[in-house]
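First subunit A sits with subunit B, and in the next complex the same chain sits with subunit C.
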Partner chain A sequence: MAVPAEYGMSSAHRMEPRDDEKFYPSAVKKIVNDILTEKLTGVSYEDKFAQSLALEISNLVKIKCKSLKMPRYKIIVQTFIGENLNQGLRVASKSLWNPKFDNYASCSFMSGNLFAVVIVFGSYYE
Partner chain B sequence: MADEGQAPDDLTFTHQELDEKATEAIEAVLASKIYDEKEVSRWINEICERIIKSLYDTRKPFKYMVTCLIMQKTEAGLLTSGACMFEGGTDMMQQFLWPKEKAKDQANKTMHAVVTIFCARF
Partner chain C sequence: MSLEDDEILIDELGNTARKVMEEVITQDLYFDPENINSWCQQIMDHCLKEFGKLAKPFKYIVTCFIMQRNGAGFQCASTCFWDTKTDGIISVTGDFPNLNCLVTIYAVHV
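Showing the complex of A and B:
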């Protein structure tokens, strides 16, 4: 039974994302970079505002990622914002997923007394 | 047919379950260590691997993403936040801070660790 491809949001016949519907880290990284420079240039770390700032950045990145063409992807955005006091810090992640379709993009930003790290994961919903 | 092998706890993870896995992994790796720039990447690797292995051993139909942050204890402030677009009932995102508040006495005095676990159903 032939179902025309453009009808397909059902899981019935799509086994993997089309080439133009994949999670491309480079495109996501560009979005995150723009958002970070826009929101954080000239900003200094303050307890009261850091919380809402981190949440705002996370939500903004998530919304902008939805505008990229990735219809069957689950998007997860993580933002870390901290005060830069010459301390040592390391952020890393590991995942168990399907490396053919799932991917991540990460970006960091540092200026003055503030640093920020954003990680975006995309997981294909099979 | 939908009932086959689909016990209710197959659908999601509880906060407690994830908390146990995260704490166990961190304690095993960081318990009495001092912050050391050269060792940090190895510790993070090991923590993430332990957590992923224990998640995989549950054999639930999920993809996992584990993030670990280790920061030297200074007076610096740190904030983490997460935003997700996934399925409400089955997917999970949990963050865990170590050392926990109540364990202050035996707690590690040189570093903080934050572990985030995402589970996405497929």
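Showing the complex of A and C:
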């Protein structure tokens, strides 16, 4: 389900995004939350479907994020879906970027025998 | 930066991440809720320090996923909206007797 980017962004004269064109984690988190509850409520973990489910969720989140007003942002969505057998786990991330304009939003979901973690990174392209 | 530079870069990043992961997580480690955070931080800090030394015009995002091995399954998927010619992703998995470890690196051209 990959759509190659045939267009690229060329450098702009703007050095920073306008206030209403920034990556706002709260808005993104709300989107991710809605998608996770819609897609995963009542679903139980099955190996056969987990991979396509993870890809589907990633794609949906990316498409919805593109509809937010963030024209010069590169968006990365990472989804983890796993079986809940009371194991311990940790998801962490660290970045080397410009903290003034780049940001991330993360959301987790747990129900029954399934857990999901989605992280969305937004990186400003000058 | 040309495409060739980016290709070499991605493999280098992957090898660095694997080296760092195998240094921090030794074969005999069990999942330990007290130390798990510091293991994650160590892996990510070392990785980013090495990447910074490369002095290339890239921003790096490293995610680290460590899970106790008890038979549970998991899947990871990524989708990216970026310039496929200049940006890249590599993920490195480590199979240890008691832990599953996955380190993913995104390199985004500035």
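In this text, the second predicted complex is superposed on the first by the 114 of 126 C-alpha atoms of A that agree within 3 Å, B and C clash if a C-alpha of one lies under 4 Å from a C-alpha of the other, contacts with A are read in each partner's own complex, and residues count from 1 in each chain.
Definition applied: a residue touches a chain if its C-beta (ideal position, glycine included) is under 8 Å from a C-beta of that chain, and two chains touch if they have at least 3 such contacts.
Computed from a predicted model, the values in this text were never measured in an experiment.
Novice: Could you tell me whether subunit B and subunit C fit or clash when both sit on subunit A in the superposition?
Specialist: Once both complexes are aligned on subunit A, subunit B and subunit C clash.
Novice: Touch check for A:S123: first (subunit B), second (subunit C), both, or neither?
Specialist: both
Novice: With the two structures laid over each other on chain A, which partner does A:P25 touch: subunit B (first), subunit C (second), both, or neither?
Specialist: A:P25 contacts neither subunit B nor subunit C.
Novice: Have a look at where A:L85 lands relative to subunit B and subunit C in the superposition and call it first, second, both or neither.
Specialist: both
Novice: In the overlay, answer first, second, both or neither for which of subunit B and subunit C A:I76 touches.
Specialist: both
Novice: Please work out whether A:N59 is in contact with subunit B alone, subunit C alone, both, or neither, and reply first, second, both or neither.
Specialist: both
Novice: After lining up the shared chain so the two structures overlap, which partner does A:L96 touch, if you call subunit B first and subunit C second: first, second, both or neither?
Specialist: After superposition on chain A, A:L96 lies in contact with both partners, subunit B and subunit C.
Novice: Indicate the residue numbers of subunit A shared between its subunit B interface and its subunit C interface, in ascending order.
Specialist: Overlap of subunit B and subunit C footprints on subunit A: residues 45, 47, 50-51, 54-55, 57-59, 61-62, 65-66, 74-98, 102, 119, 121, 123, 125-126.
Novice: Quick one: in the complex, what on subunit B touches subunit A?
Specialist: Listed in rising order, the residues are 35, 37, 40-41, 44-45, 48-49, 52, 55-56, 63-87, 91, 93, 116, 118, 120-122.
Novice: In the complex of these two chains, what residues of subunit A are touching subunit B?
Specialist: It is residues 45, 47, 50-51, 54-55, 57-59, 61-62, 65-66, 74-98, 102, 104, 119, 121, 123-126 of subunit A that touch subunit B.
Novice: Any idea which subunit C residues touch subunit A in the complex?
Specialist: 31, 33, 36-37, 40-41, 44-45, 47-48, 51-52, 59-85, 87, 104, 106, 108, 110
Novice: Using the touch definition from the top, list the residues of subunit A that touch subunit C in their complex.
Specialist: By the definition above, subunit A touches subunit C via 4-5, 8-9, 45, 47, 50-51, 53-55, 57-59, 61-62, 65-66, 74-98, 102, 119, 121, 123, 125-126.
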